[in-house]
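Two complexes follow with chain A in common, the first pairing it with chain B and the second with chain C.
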Partner chain A sequence: MKDELPDLTLLADIVAKGLGKAAAVLGEMLESPVSIMDREYCVLHVSELPLALGIEKGEYVRVIEMGFSGGFEGTAHLVFMPTDAERLADRVTVGLGLVSDDIESIRRGTLSEIGNIVINAILGTMANDLGMELTYMVPLCLRVVARDLVPIPTDGKGTVVLIRARFSVAAIEVDGDIIFFLSLSSLERLALSMQGLAHG
Partner chain B sequence: MPIALVVDDSPISQAIVAKLVGGDYTIVEAMNGAEALEFLSRECFDLLLLDLLMPVMDGAAVLAAMKDRGIHLPVVVMTADLQERTRDIVAALGGHVVLNKPLTRAKLLAAIAEANAAAGTA
Partner chain C sequence: MAETPEGSDGLDEAVVDRVPVGLFAIDRDWTIRLWNRSLQVWTGRGREEAMGRDARSIFPALAMPRHSSRIETLFEGGPPVVFSYELNAQLFVCKREGDRERHYSCVSSAMRGGAVVLFTVEDRTEAVSSLAELRRELVLRKAAEASLLDALKVKEMLVREASHRVMNNLTIIASLIGLESRRAQDDARCGFEELEARISSIALIHELLYKGEIGKEIWLDDYLERLCRSVFSTFLPADSPAKLELELAAVSLDVDDTLYLGLIVVELLTNSLKYAIIPRNGGLIRVSLRGLEEGWMELSVADDGPGIRLAADRGAAETSGDSLGQSLVSLLASEIGAELSRGNGPGTLVALLIPQKSK
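The block that comes next holds the complex of A and B.
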């Protein structure tokens, strides 16, 4: 059962601004418009995540994963089906004159850089608006079974905050998900900061 | 042709920088901060294009080491990090300009001109 967040509107507003920035920078990289849709914000038990994320099947996905800590903490993920990830990477590298027998390595590096830029756009916008500071881990590009995306909860109760949005680049037929997992304590800190903004 | 040291762990970012300003600068590539400091201790460069988030040694550590060693040259920090406090940290460590990725030729050339002016090498 999903529990609605107490400050859903404020959280949604701040995340939406970050998602808008992410769409803008990704669109700039691809020279194509990027749509953001199906935004979701909820508190879940980790056992509910596979169903919520639609990842019950053991299919492989491409994930760019980036941890962050500081004012709030968690992990951010860009998730693609493998064919979409390949189209996205190839679009960015076209014209760069990269010559290598290892196309997989080039694609991984490209996806890591795309993830770095897109995730930073969201989190950096949020951090600036909330007056918080974040430290980022180096992004990783992985090919994993989708259900392995489910995080290990840090609150001891198996509860996690899920923020998710779908994005689409129609011109190159690429769809993907932006997924954030936050700890409950991070949500509490965010809520306090947002309340401060609302009353500031 | 002037020489630019480009420090970025991403080969894709290296390739993008080379495409954007490879006609204006001879590009020397370093994949992390430690490699960059090795180059800077042995050779003279006209420009440093520096990423922040890198394994082994990050960009902030490079700036701090340059400050300690008295290495002066125009520095453009290229980063995906939008945080205002990152700009403050870079400025405090002597970086001249922070340029947010993704890069374009126009934005990069403007940032280089600003860094040259700030470093007194324009």
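The block that comes next holds the complex of A and C.
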């Protein structure tokens, strides 16, 4: 099951705006252009997610994750393969003169903040443009098996809304994924909100 | 009942003072409205001193645009903002006197729709140090493991080299005896051939140790097949009609016991060849090995000849030589804790019940 959401083009526009803002913020931090590509919006059963996300294998990924609820609810993830995460963190910290014998802690702290900035740019834009008040969980920086990213659906049918985009920083050969899982019930509220925007 | 003091944000100060994380809250004009005890310890500034002041006067780096712009989003109800020590080391500097540089992690969140912003400053110094220590230890252990593996490889190489040399030397000795046997008379030749087969059985073990996986055990199916065929070729011409049937299970035995077992098999095969095969210029020898219940195996050597008693009737000289062989078999069997039994014809059947952990 992979239903396209043609009636949610406004959602796609708002997400695209958020992604653009996130790319600009990240690009500024890295002093390199950031490309956003392969945007995807669909409703899927959770059993289809591993294949859709290409995470069938038990490989480890670095994730910055933040949950949210309120006007719409779900989780936002910024996902990197470990080597990309290391390159990204090293690029941001180069020249800061950080002295530590624990490079892993430096990378972890740096990635937490980068992920927070990127996710906030998208979520902040969405919440503002949709005029919705959200409650946010404390962001987490994790190293997990990729398939553990699959959320537990709350709609009873096992379906979730997947919003995904791939970003690339060509100058430092870093690729990553921005993945949002929204609960299906959020769709109705989003649709109503967007109708209001369209007519208002 | 005494009233519980509260900060202007309504949080119970008695509660927040017990939180082991630095907490402070500011309102929209950056005025500090909450300041807990952990933060007093961190900054060296008391609550009375901090409350009502502009947070940027205590933490000047907050006024930097790259920080203040992110905090401003919280006053609009935006998502939590993370300030890592790694990228913002000067933001919440610890002022404890004589203290070393301390690592922290800060998350600031909007409360009451953005009317108040709460900062949590967590001291991560010990956690970071512990992790660094663990990682250092891990690196050391990996290096030690690599060093041990290298030493093991060297040891294996030396064992292989030693086994190779022993095998070569024994093979030369067996060849010399084989050369001597060709010049000898019948009775003496048989003795030489037996000696050659015994030495070859030991050389074969060293060959397996040299070529195979270095370990304490030898796979008997491989070893016994090669041993039996070697003994056959020593005593019989290539075109002999005699048959050798092997039914060997894949079981293993330690190297020392295998050496004794190999000598036993050589004795039993030699006897069968001498009395059941060579006199008839043909016949059958069957060697069987099977695993029994846990820890035991059974080896049997059988032929279709006249049997031990009849063979013994053929001559005192032969039987005296063979009684030496039989004594040797009994002695070797006891060395490996095996139980020896003989079947009641037709032909000769000798069976050994062998413990796999005999020592």
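Operating definition for what follows: the second predicted complex is superposed on the first by the 199 of 200 C-alpha atoms of A that agree within 3 Å, B and C clash if a C-alpha of one lies under 4 Å from a C-alpha of the other, contacts with A are read in each partner's own complex, and residues count from 1 in each chain.
Everything that follows uses one rule, which is that a contact is a pair of C-beta atoms (placed from the backbone, for glycine too) under 8 Å apart; a residue touches a chain by one contact, two chains touch by 3 or more.
The structure displayed is predicted, hence computed values, not measured ones.
When both complexes are superposed on chain A, chain B and chain C clash. In the superposed pair of complexes, A:113 makes contact with chain B and with chain C alike. In the superposed model, A:138 lies in contact with both chain B and chain C.
Applying the stated contact rule after C-alpha superposition, one finds that A:68 touches chain C and leaves chain B untouched. In the superposition on chain A, A:16 makes contact with neither chain B nor chain C. In the superposed pair of complexes, A:124 makes contact with chain B and with chain C alike. When both complexes are overlaid on chain A, the residue A:95 reaches chain B alone and has no touch with chain C.
By the touch criterion stated above, A:46 is placed in contact with neither chain B nor chain C. The interface of chain A with chain B overlaps its interface with chain C at residues 92-93, 96, 98, 106, 109-110, 112-113, 116-117, 119-120, 124, 127-128, 133-134, 136, 138.
Within the complex formed with chain C, the chain A residues making contact are 66, 68, 92-93, 96, 98, 100-102, 104-106, 109-110, 112-113, 116-117, 119-120, 123-124, 127-128, 133-134, 136-139. Only residues 70, 73, 76-89, 103, 105, 107, 109, 113, 128, 131-132, 135-136 of chain C touch chain A when the two sit together in their complex. The touching residues of chain A, when paired with chain B in their complex, are 21, 25, 28-29, 92-93, 95-98, 106, 109-110, 112-113, 116-117, 119-121, 124-125, 127-128, 133-134, 136, 138. Residue ranges on chain B touching chain A, taken from their complex, read 9-13, 15-16, 19, 53-55, 79-85, 101-102, 104.
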